[in-house]
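Handing you this structure, nothing more for now.
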Amino acid sequence: MKKIVCTVLLCLFAGTAVAGTVKIGAVQPLSGKISVYGEGFQRAINLAVEEVNNAGGIKGQDLEIVYEDNLSTAQGSVSALQKLISIEKLPVVIGPAASSNFLATCPIAEREKTVFIGAESAASDISTCGSYVFRVFPSDMLQGIGVAKLAEELDYKEVALTYINNDWGVGLANAFKEKYKGKIVEEFTYDEGKADYRSEILRLKKNNPAAVVNLTYIKEGGTMLKQAHEMKFNPQWLLGSAAKSPKLVELAGEAAEGIIGTYPTFSKTSGLYEHYKTAFAKKYPDEKLPIFGEYNYDMIHLLAKALNNADALTSDSIRASLISASQGFEGVTGDLSFDENGDVGASYGRWSVKDGKIIEN
Amino acid sequence: MLELHSIYKSFGGNQVLRDVSFALDNKTPITGLIGPNGSGKSTLFHVVMGFYSQDKGRVLFNGQHLDTLPPEKRCHSGLSCTFQDSRMLTFMTVLENLTAIPTPQHGESLVKSFFSPLLVHRQEKEIQEKARDILELLSLSSLADAPAGSLSYGQRKLLEIGRVMMTDPQLVLLDEPTAGINPTLIQSLVKILETLVQRGMRFFLVEHNMPLVSQLCDRVLVLDAGELIFDGCATAAKKDKNVIQAYLGSDGYVEA
Amino acid sequence: MYYLQLFINGIVAGGVYALFAVGLTMVYSVFRFINFAHGELIAWGAYGVLLFASPPFSLPLWLSVFPAILLVIAIALLQNHMVFAPLRNSQPVTLLIASIGLSFLLRSGLQLYFGSDLHSYQTSFYESIDLGGLMISYVQLAMLCLSILFFVILHLLLSKTLTGKSMRAVSDSMELAGIYGIPTRKVSVFVWIISAVFAASGGFLLALDTSLDPMMGLTFMIKSFAAVLLGGVGNVWGALLGGLCIGIIENMGTAFISPGYKDLTAFVLIIVILLFRPQGILGSTIRGVR
Amino acid sequence: MEYLLHIGIVCLIYILFASSLNLELGCAGLYNFGHVGFFAIGSYTTALLTLSGYSVWFGLLAAMLVAGLSGLIFSWPVLRLTGDYFGIASLAFAEMVRLFLLNERWLTRGPMGLPGIPRVEILGYSGNTVTLLTALVITVVSLFCFKKILTSPFGRTLKLIREDEHVARAFGKDVVSFKTRTMAIGSAFGGLAGGLWAHYLGYISPNDFSLQLTVLVLLCVVLGGRGTLLGPIVGAVLVVSVGEGLRFLPLPASMTAGVAHIQSMLFGLVLILLMLRRPQGIIAESHLIQET
């Protein structure tokens, strides 16, 4: 019996050695509070990896993503990153979602000289993380300004501001408050992950504003919209990009009718976005388009391009080729050229919900 | 020494102690308190120790008011007690059960135990010696390092006396010390009590065992349904009409 | 008007807290430990309804509530048999940590099967009734009525029926009741059934009003504890009163302090109650279910 | 190599954190479920101080003092409660601390957290090895203090109070003062562990100090064996290494989502089996062996 076991083990290891894949690390929230988003990112990344490998992979070898779960905590993210860097010795690692986890890990990546690229962390502090740190997701400075511009374009002189009490919400709100010239009638935060926001909505209703800027996630946004509608409070809701998902419409039902939000515009012209949507639907028939999935998809393609024309698989050469590859790189989420501190610019389009569907214009 | 002035105590509607007053002086070595079940003996015991607070009346010890003091402050004034069910600390060793008792100990203040270890060490040695002498007296020194849980019921009663001796009390309240232990052990307990009386310790014995009470106690108080019905020497108590009636109903008798 | 509406929100939210607190208070008074896994019964209740309403069974929503409650009862009994019964006479902290382990087990099991994505019952939208400016949605009304209905049934059960009396006896002291021939096993099973029914129905209502996510049980745990303590441990009516108080104070608070501190009121209440009236409003120093 | 250093540092911090809880839970019988609150107070104190220019050592010292003080202030009103009630009150306290940190944005930048906390530095070096050494020295010194406390008459009286408060009071032990002092010491060392954590991680945010951390440290104490000195050490090392060890399961990429859930199911199962089979923990306090 022992002989069989060790032969099986042998070929198992042999199997991985022969294929010789190019490995990239990925610290993702697969369990814990924000595992909802982690699974969505993973599907988008796997889709992109599949496409890269079909198109020849990296210099003939397959691209492989080594996932590490960070339990949605800062400590978990640090452990995962340390393992990927010192055990797996990976030159490039995809950073965790949520700014708090990203901020906890980027100093380590900087110290270990590992290329660290994030697709969902909006905090403006990340721009000053270091030269090895990049981000394909626009800093919340830009998003906050985007929402402020939206409010002004729809000429709302007075607006109530409410936002979810976490790093994403507060970051955006600060940026919004600086840029928005109109009067903020009411401003308060509300807890993440609660079930009953009726009292908060009442506080908004008290000075019945024409429009309410609500920077929220899907679960909280859906609940608030529904409960507001129940209480016959129907202002013009202005939302951020984190709530732009068919799941929100599913949760809020009719209450979602007519809400408007901003999102970093996609280059409609190159049809990449249509391609991404159809490819995703083919690979995951019963899954909905994950929120921020496009950014992960673009990130993989950008990395693939950078790895292909990097002369050696060391982090320094990858870093150089990444910066050059990103100039003028047209992804699903638009132009991804990095500025000096590894951020991408973004122009903002508008999305709204009409009879149950999300329309981008 | 111990004075109680018209103590009243009731739980809900039922009046447990009604106008109980008596005084224990330094002369009578062992005073007994007897009475049928439910006459309020243990309640009186707990009132003196401070675990229950009386509704009315005052408790004085050597002229000092005890009513305002919580139980932990009362024993500094020289009052101590044993428990009916000898609450031993089963997991600590026999020696530890004794050495943990004296308060205050220098070792108990963290500042001292870190910064003046000599002081602590010296006091610790004294306490250890005192504990070993007591174990010698109780002939338990062979079990010094055994966990108290392994002692037999009788040995625990003896250890409890030892524990009380650690605080060098002036008056000790004994709550049925001989309940459930065999006669030979009772005699050794009596012998120990007598030696302690020579050392100047006074006892207030709450007990059912009539022969023991008459053998030990010079003065007996009888409590019935919360009232003090007799205060005098043991032999007179046996003949007293009220005491008999209280114990055995109207036509009972008490053998000599 | 504005405060009246807050008051009504408070009552409804309080009703939900009370529904969960009942299970907790009964388990605590009979078994003397804080059941951390109670939150997961709530989550399984909500997901159970989703399970029976989706493809393999696809019963209409209202019909699938009953099999879901049966499922939660089965879980509660299994959990009692496998974990809590063998540990009956160990220290409370051991039971507590076992219940923490159980809550991890049940919650991750839920995530494994249903995925940690957000779900919701695809139901038609609910309008709300307009009582002169005061808004109550049908779901809120349903929640309130159901809580009151359950409490009345429970009250009758506790005071009138034999099992109810024996439950109160067992809660006073398990051994004593056993000696008098009260079938303590039957009674403890009964306690688990009731707390499961309350938890499952509460979970379903909560999910109907908002959405389902695996963590929903956890967020309600501390609030339900507060309700149990405020009302007086073991006192069923106390749990209702405690829940309502917390709901009302919490919601009224949002008008004054920033809603970010909404949970703070429950925590401050816990500490204040424990200090000044450890036995709670309706509680009395003598333990046991009333 | 860095990864092993990382695990070493996390182990040491968990050992310090678990031992300080053990002093309260194991020796004094205070079920303190809010220990993470003091951990958070320690982290934020040293973070805020070092970010505004003070040296790291001063920050750590201040963390200990502030955490100890808050332990004192917290325990003064709450100590009259026993057992479960004390547990819930301390749980509520920890959540209050987290909410305070989350909402007082003027002080703690709220959910944005505090990035860029300086690392521990000796003679100019500040790599992981230096942090490991400092953590090692601090933990060993703290364990020595705990040993001294446990074996001193103070520790003996503490056990007396834990087992039978009635007898302790009958013999004149000022129970409340003993418990308050234990709470103060326990939270001081808890705060110190928090300070070390902040300087190692470099970034802290209120949501790191959640209920999950309390449960984890509770597991370390109970798994290892409460009331003993060695217990929390063994418990902490086991919990951290098992947690990290599960990362090395050779699993295909697509399955990782499932594995995370299975991992926490295993965690729950271990907890239950532990309580069923050996509630007193691996290194049992001498007397508990016969008791089961």
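As written, the chains take the letters A, B, C and D, and residue 1 is the first residue of each chain.
Basically, contacts are C-beta pairs under 8 Å (C-beta built on N, C-alpha and C of every residue); 3 or more make two chains touch, one makes a residue touch a chain.
Computed from a prediction, not measured in an experiment: that's the story for all the values here.
Common neighbours of chain B and chain C under the contact rule above are D. When chain centres are taken as C-alpha averages, the shortest distance to the whole-protein C-alpha average belongs to D. Of all chains, the one whose mean C-alpha position sits at the greatest distance from that of chain D is B. The distance from the centre of chain A to the centre of chain C, with each centre set as the mean of the Cα atoms, comes to 36 Å. Computed from the mean C-alpha positions, the centre of chain B lies at a distance of 43 Å from the centre of chain D.
Measuring from the averaged C-alpha position of chain C to that of chain D gives a distance of 30 Å. Under the contact definition stated at the top, the residues of chain A that touch 2 or more other chains are 31, 33, 35, 39, 165, 189.
The residues of chain C that reach two or more other chains are 108, 111, 115-116, 258, 260, 263, listed in rising order. In chain B, no position touches at least two other chains.
Under the contact rule stated at the top, the pairs of chains that touch are A-C, A-D, B-D, C-D.
For chain C in complex with chain A, the residues that touch the partner chain are 2, 5-6, 9-10, 13, 108, 111, 115-118, 120, 122, 125-128, 130, 135, 137, 139, 206, 209-211, 213, 215-216, 219, 250-251, 254-255, 258-260, 262-263.
Looking at the complex, you find that chain C touches chain D at residues 28, 33-34, 83, 86-87, 90-98, 100-109, 111-112, 115-116, 218, 222, 225-226, 229, 258, 260-261, 263-264, 266-268, 270-271, 274-275, 278.
Within the complex formed with chain D, the residues of chain A that make contact are 28, 30-33, 35, 38-39, 42, 46, 64-69, 71, 73-75, 78-80, 82-83, 85-87, 99-100, 103-104, 107, 112, 123, 125, 165-167, 169-171, 189. Contact residues of chain D toward chain A in the complex are 1-4, 6-7, 10, 102-103, 105, 110-113, 115-116, 201-205, 207-208, 212, 243-244, 247, 253-254, 256-257, 259-261, 263-264.
Against chain C, in their complex, chain A makes its touches with residues 31, 33, 35-36, 39, 165, 188-191, 193-196, 198-200, 202-203, 206, 218-219, 222-223, 226-227, 229-232, 247, 250-251, 253-255.
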